[in-house]
Amino acid sequence: MKQKIFIITGLVLLVGVIAIMLADLFSSKKADKANPYDYKMGELRKTDITCNGYIEQLTIKPALEEIHAVACGSGDRIYVAGKNGLEIYQVNGKPDGNFRFEGVASCMALDKKGRIFIGMQDHVEVFDQLGKPCNKWKSISTESLLTCIALTDSYVYLADAGKKIVYRYDMNGRLINRIGEKDPQKNVPGFIIPSPYFDLGIGKKGELWVANTGRHSLEQFSSDGALNSAWGEASMSADGFCGCCNPSHFAFLSDGSFVTSEKGIERVKIYSPQGKYVCMVAPPSAFVEGTKGLDLAVDSKDRIIVLDPEKKQVRIFVKK
Amino acid sequence: MKTGKPSLNTIKLLENISLGSAVFAVVLCVLIIVNFLQVRRADPLNSPAMTVLIEKLQNDPANDQLRQEIRTLDLLARKAFFTAQWQVRTGGYLLFISILVLVSCIKAIELIRSKLPEEPAGKPVMFWETRILKRNWLVYSGIALVVLTLLLAWLTHNDLGNAGGREQGAGNREPGTVNRESGSGSRDTATTSPDSRVTGHDSSSSILHPASDYPNMQEVKNNFPCFRGPGSIGVSERTGIPTSWDGTSGKNVRWKTVIPLPGYNSPLIWNDKLFLSGASESKREVYCIDAVSGKILWTSAVDKIPGSPSQVPGVSKETGLAAPSLATEGRRVYAIFANGDLIALDMDGKKVWAKNLGMPANHYGHSSSLIMYRDILIVQYDQRSGPAVMGLSGKTGEQLWKTPRNVKISWASPSLVTIGKRIELLLAAEPCVASYDPLTGKELWKLDCISGEVGPSLAYANLIVFSVNEYSTLSAIRTGENPKVLWENNEFLSDVPSPVANDDFLFLVTSYGTAVCYDATVGTKYWEHDFGTPVYSSPMLAEGKIYIMDKKGLMHIIKAGKEFSQISQCPLGEGSFCTPAFTNGHIFLRGDKNLYCIGK
Amino acid sequence: MRRIKSIPAKGLKTPAGTTARTFILTFFSVLFSTAMAVRRFPKPEFETNYIQPSTQIPVPRAELLAYLDVFVLLVSLSIVTWLILKKRSRLWVFAMSVFSLAYFGFYREGCVCSIGAIQNVSLALFDNTFVLPLSVLLFFILPLVFTAFFGRTFCAAVCPFGAMQDFFAFKPQALSSRLNTVLGILPYLYLGLAVLFAATGTDFIICRYDPFVGIFRFNASFGMFLFSGILLLSGVFIARPYCRFLCPYGVLLNWTSRFSRRHLTITPKECIQCRLCEHSCPYDAIEVPVTSKSPESRPVRVRKMMILTVFVPFIVLVFGYAGSRMQDTLAGVDSRVKLAKEVMALSGKQDAGYGMQDAGYKMQDDSYEIKAYKASGKTESQVYSEASAVVKKFYIGGWLFGGFIGLAIALMIGGRIMPVYRTDYVTSKGRCFSCLRCVDYCPVKS
Amino acid sequence: MPNRREFLNTLMRGGILAALGLLSVSLVLRSRDKNSCSNGFACSSCGKSQGCSLPAALEARQTVWQLDPSKCIQCGRCATNCVMTPSAVKCTHAYAMCGYCDLCGGYLKPGTKTLDTAAEHQLCPTNALKRKFIEDPFFEYTVDEQLCIGCGKCVKGCSAFGNGSLQLQVRHDRCKNCNECSIARSCPSQAFSRVPANKPSLLKSFGKESLEEAGRKGELNA
């Protein structure tokens, strides 16, 4: 009798073990519960859709392998540059030419004569409208990483994220001066560029603005490097710049307002010339999560041209 | 053996020790389990109290006391977390030691005792009997194993097999191999890919023998289950669609079949069966036609329906008695007629259920087509008295929901579209475009933007719904939580044909025969083109082309692009009011008299 | 103690030769396909004399130690074999099992083990991108080779699993012959499933349901501990339950051992038929003398044997068919198939997908599998075709698995038709673990 | 009779041994083949690296588990599914990639206004990420491995808002190198794989090497 009880106990336990194995192996239940350590990014990406003052009017899908830079030329033609080439589109998104070159364009600008200045990692190359090379500047340094190029009538401004400095060149590639070096006497705090996004732009009055992304601010310099003013605030909410280093790109509307783009929480926004938040152009939901490097351009009709490197599109937003 | 007493004493002592350690081990086990359950129930790192406090602080950032409270709680939580881990670890070590003691004591006892010889067992084992017994048991358990396996396979087959089959099917299926590549059209390979047949994976045939109550997305998309294609938005994803034919000379016409009774309803297709209906003043019939050969497989008379009115409804010539298109979900096919007769037939033409919805008060004649959501049959019944939309169970005809509508009579048909996370049922009638949850009939939103006697159904693409009606306006409605009109235009308006849209463009054909293309998001007009012949059939968008059938039966095929570019014009040889249906490589057109299959 | 090695962050070399074997741990070059997307970027320029710390990357256990394990395995196999066949001392075998438990169990934490090696070998056979370390192959081969000559000495005192369960066999009960027979099918099923899942790259189920690894490591999930606890408890009454009724490696050892050259005998000389050993075996592995004739006459036996032989292909086919019907259930364990099902459920949810995929809205409550699937950029049909390839593998695998079980059962039946004649008490060569308990009972000493 | 049985036994034994021998020889030969194809990181020198489907792991005989941060989606299962408690997967900081930001997405909870070390601002559930002031405006972040449970919260924050210098890695001093990793089994993005034991890390990095490479190219161009 005792023996029987022992055997039965043993057997029941053994069968239990096998049953556990089989149940665990073949059960089709959801393998795991919710993540107890979830970082709910979705909440941050949600924005009030009603403050969205713009709609997407046109989408251009360039054929380039990678796209990194967008610019707007005469007749509001749209120039898109990226890996090994450049494409031109008409104002309505129709292709209007393209040419190829060697290298990855990281930034681009056009001068009055229609010459195309393309920044490639550590040097600048200049092409004419048909893609004929006009000039190739010397490499600045092996550590350089050019992330933005902007032109006035007589100067070329370059933002170098590798060296964390802005250069002023003449049109032929001769360095004139460096802007933004840390200088406590001149009250210049220096640029903090924690990631390879570093933009600059020429305002409507011809003044130089630089995005000091590590400080989440836009700073205005005189051409000789004096810091005149700055604005910007770090915040996850719509009115500030999110993440560790933003805005990643910016451009100007015709009234001098700023259009800014951010990574982390991908969004494109408009600030007044005084730096007050105005409205959202494209909310995070318009972009693939993790999109970085939304280059911006604005055409003469104040259409906002956003380069979306993740979707490989150039997206044009217009006011509602 | 040498000294009995001391060893007995030792055994006693060892027994006591082992008993003690066993008790200790059990206690530890219980403690560890309790600890585990505790941590599991309330994870200290995710305490809801903390979340609440932090939320409070965010609202009241100046509150230092709150801040202090949070810090204390945080410290406590982390302490609790690591203490619990420490407890388990220490408990585990102690448990291990106690079991070690237990095992060594018992082994020692065994060692001391093992010198004692055991009594030889009673009688010897009956070798041959047990051996035969064993053999039999092997046979039994083998049979049991096979039966169990088959039973399991059979039990789990329905869903899993279906899934596996669909996977295989979907995996191997090039966008829809609905069997017409081979001229012979052997019917049993309809959706079975050759690959799945090689493996003898007969579960893949579950697509042919539907197990679930309603088809999945891919099945619906592979077919043409209602008016204007899947979702009734005028878009078909089928490919290889012919662009040239001539119905008069028979060029590229595979077959042509006379349809006994007239009707303006458009054909629909499930696998290789085509369904349409026809009616005269005395008769109403549903036809099933073999898409491969064009033979009428069965004709089902719609009669003996309880409550069916004896008088003939007053209809206009241009609507007729069988205007609404049918609907199917691959299990049954449903048809509605101008007198309110609604019938469900199985795929072999046998009546499943039928009812009369009451003679519609409609001065031109009822023309809203049916549509299926899962296995719910949706009927838009916008008549003069008590307009409503209702959902009926496809299986039984029982009314699942009915939502009254505050609208005028409408001749438009419902559409089903995916907007965000939900499926919405969209209806158009003066004064509004309205959206309903197709499962419950709950109204989701509505927007006043349309008026008049609404004939055209809606178009939808890329979150934008387009509504249009003659003497009213063309509106593009951005859907979402707060739908609003994106743009309006009333230069070109349609009376009968429905518009159709893709992500970039909206195409509209007016009843007097002008095709127009607008930018879908901003409403810029790209082009217009006048055919010179009226159009009543709704345009269809497939493979980047728009198929527009005019009243005289001439099909205008136009590139769906920013510039007007006509691909071809193909005559049918007779007039047509009906919208074409597509499968891979084929178009099905219903003319006034005949049904045509275009394609090789 | 494991060494911690640091990576020079700015290309500073660590002093070379600080350890006998210096790994050059440059992680920079690893996976630069991904780094293509990451744009190069220098660190901030610090003005204070801050030195950037280097990223610490601990070094895994040295490769050489794996061969030490093989060496220990070889030596302990030799010693145990010698102890069993020559010394015939239960106490020493017990001592060796304590050592094995300590070394392979608690020191090596139950991983690398011969039982689990089955899976590595089968995966390596079917997937030539899978790396099979030589040490693992040796762990698989060596015990089998020893068994082919000397019987299952590995089970006696080298396998930590066996040792562990042996200690807990406090009150072993003899099981009836039919229980032994029916439960004896389980290891074949386990082996078949383990090889099937390993060969298809689905899972290593032997390791997944390794009953003692948590105990060896003093660290496991609660469920794993519970599992070990229950198994050990059942082992109090049914001695070595894992070895007898689950262990897949035991199947291989069993069959190898049947043809072993020098298996342990209960008595060193001549059996005196004292029957003292008859109930000494906790594993029911002692065969009693059979001197009587079978009740089945020779022609009957021959006929039965013939029938069985004729029916073997049929049995194999029936089982194979049954196995192939299980393809969906079996394939359901595979993560690729699970994902395909989830994706299908998802597209079913967006449902019968009337209309078009929407662009602007995002699904919020996706499972992580779906999130990863979306992030991976795979298309739906890619997922399906991957899954259907797996299902196809399982279809073939199901036939083979079923056929294997059918063959095993047919062979077992055949073995029970064969004539038997023996005068002495002997150990069943297939099932005996060579634990030497019976030897202790035998009054005949050499 | 016994002789015949003996002979049969020998025959079968011989068969088994031969089968085992064949198995091991074929497996060894095959892996020796792999060895001679200087795989792994020397892949480019092999000449046929394009058509080669063998993983980099083959160069070494011993493999260990590692997770590829570029595939990781921070589902948190590393923390919950490891056979070890706490998990053998921990956050590893690739300092070379760090921007030393004041506003660190991996350290601070989203929406935090005051950038300090207060408990209510920290993202890490166990306070394992430490922040140290270096110089204006740089802060150094270090991971306290004793406290880290491998949940990946900071990793998600860092990769979304920062450079992605915080990455999850299997710590081989803690990992038991199970035959089949139980995290790998449940990893939704198949980020886990067996890697060569002598190259046990899959940390991604901006990398000095890539910098050098680029530099070299620059020289060539110039």
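Residue numbering begins at 1 within each chain, and the chains themselves are lettered A, B, C and D in the order written.
Here, contacts are C-beta pairs under 8 Å (C-beta built on N, C-alpha and C of every residue); 3 or more make two chains touch, one makes a residue touch a chain.
Computed from a predicted model, the values in this text were never measured in an experiment.
Chain pairs B-C and B-D differ in how many C-beta pairs they share in contact, with the greater number at B-C. Inter-chain centre distance (chain B to chain C, centres taken as mean C-alpha positions): 43 Å. Centres computed as Cα averages put chain B at a distance of 40 Å from chain D. For the pair chain A and chain D, the distance between mean C-alpha positions equals 29 Å. Separation between the centroids of chain C and chain D, computed from CA atoms only, is 25 Å. Of all residues in chain D, those touching 2 or more other chains are 75, 77, 85, 98-100, 111, 113, 125, 163, 211, 214, listed in ascending order. The set of chain C residues touching two or more other chains comprises 39-42, 44, 208, 329, 332, 341, 360-361, 364, 367-368. Residue positions of chain A with contacts to 2 or more other chains are 31-32, 35-37, 143, 192, 194-195. Taken as a contact graph, with one node per protein chain and an edge wherever two chains touch, the assembly is complete, since every chain touches every other chain.
Chain A contributes residues 36-37, 49-50, 55-57, 318 to its touches with chain B in the complex. Partner chain B is touched in their complex by these residues of chain D: 85-86, 109, 111, 113, 118-120, 125-127. Residues 3, 6-7, 9-14, 16-18, 20-21, 24-26, 28, 30-32, 35, 42, 143, 145, 161-162, 164, 192, 194-196, 285-286 of chain A are the ones touching chain C in the complex. Within the complex, the chain C residues that touch chain B are 91, 94, 167-168, 170, 177-178, 180-182, 185, 215, 218, 222, 229, 274-276, 278-280, 288, 290, 292, 294-296, 315, 318-319, 322-323, 325-329, 331-332, 337, 340-341, 344, 347-348, 350-361, 363-364, 380-381, 384-389, 391-392, 395, 402, 405-406, 409, 412-413, 416-417, 420, 440-441. Residues of chain B that touch chain C in their complex: 29, 33, 36, 89, 92-93, 96, 103, 106-107, 111, 114, 117-118, 120-121, 124-125, 127-128, 130-135, 137-139, 141-142, 145-146, 149-150, 152-154, 156-157, 160-161, 163-164, 166-168, 170-172, 195-196, 199-201, 203, 214-221, 230-233, 235, 373-374, 415-421, 423, 460-463, 480, 503.
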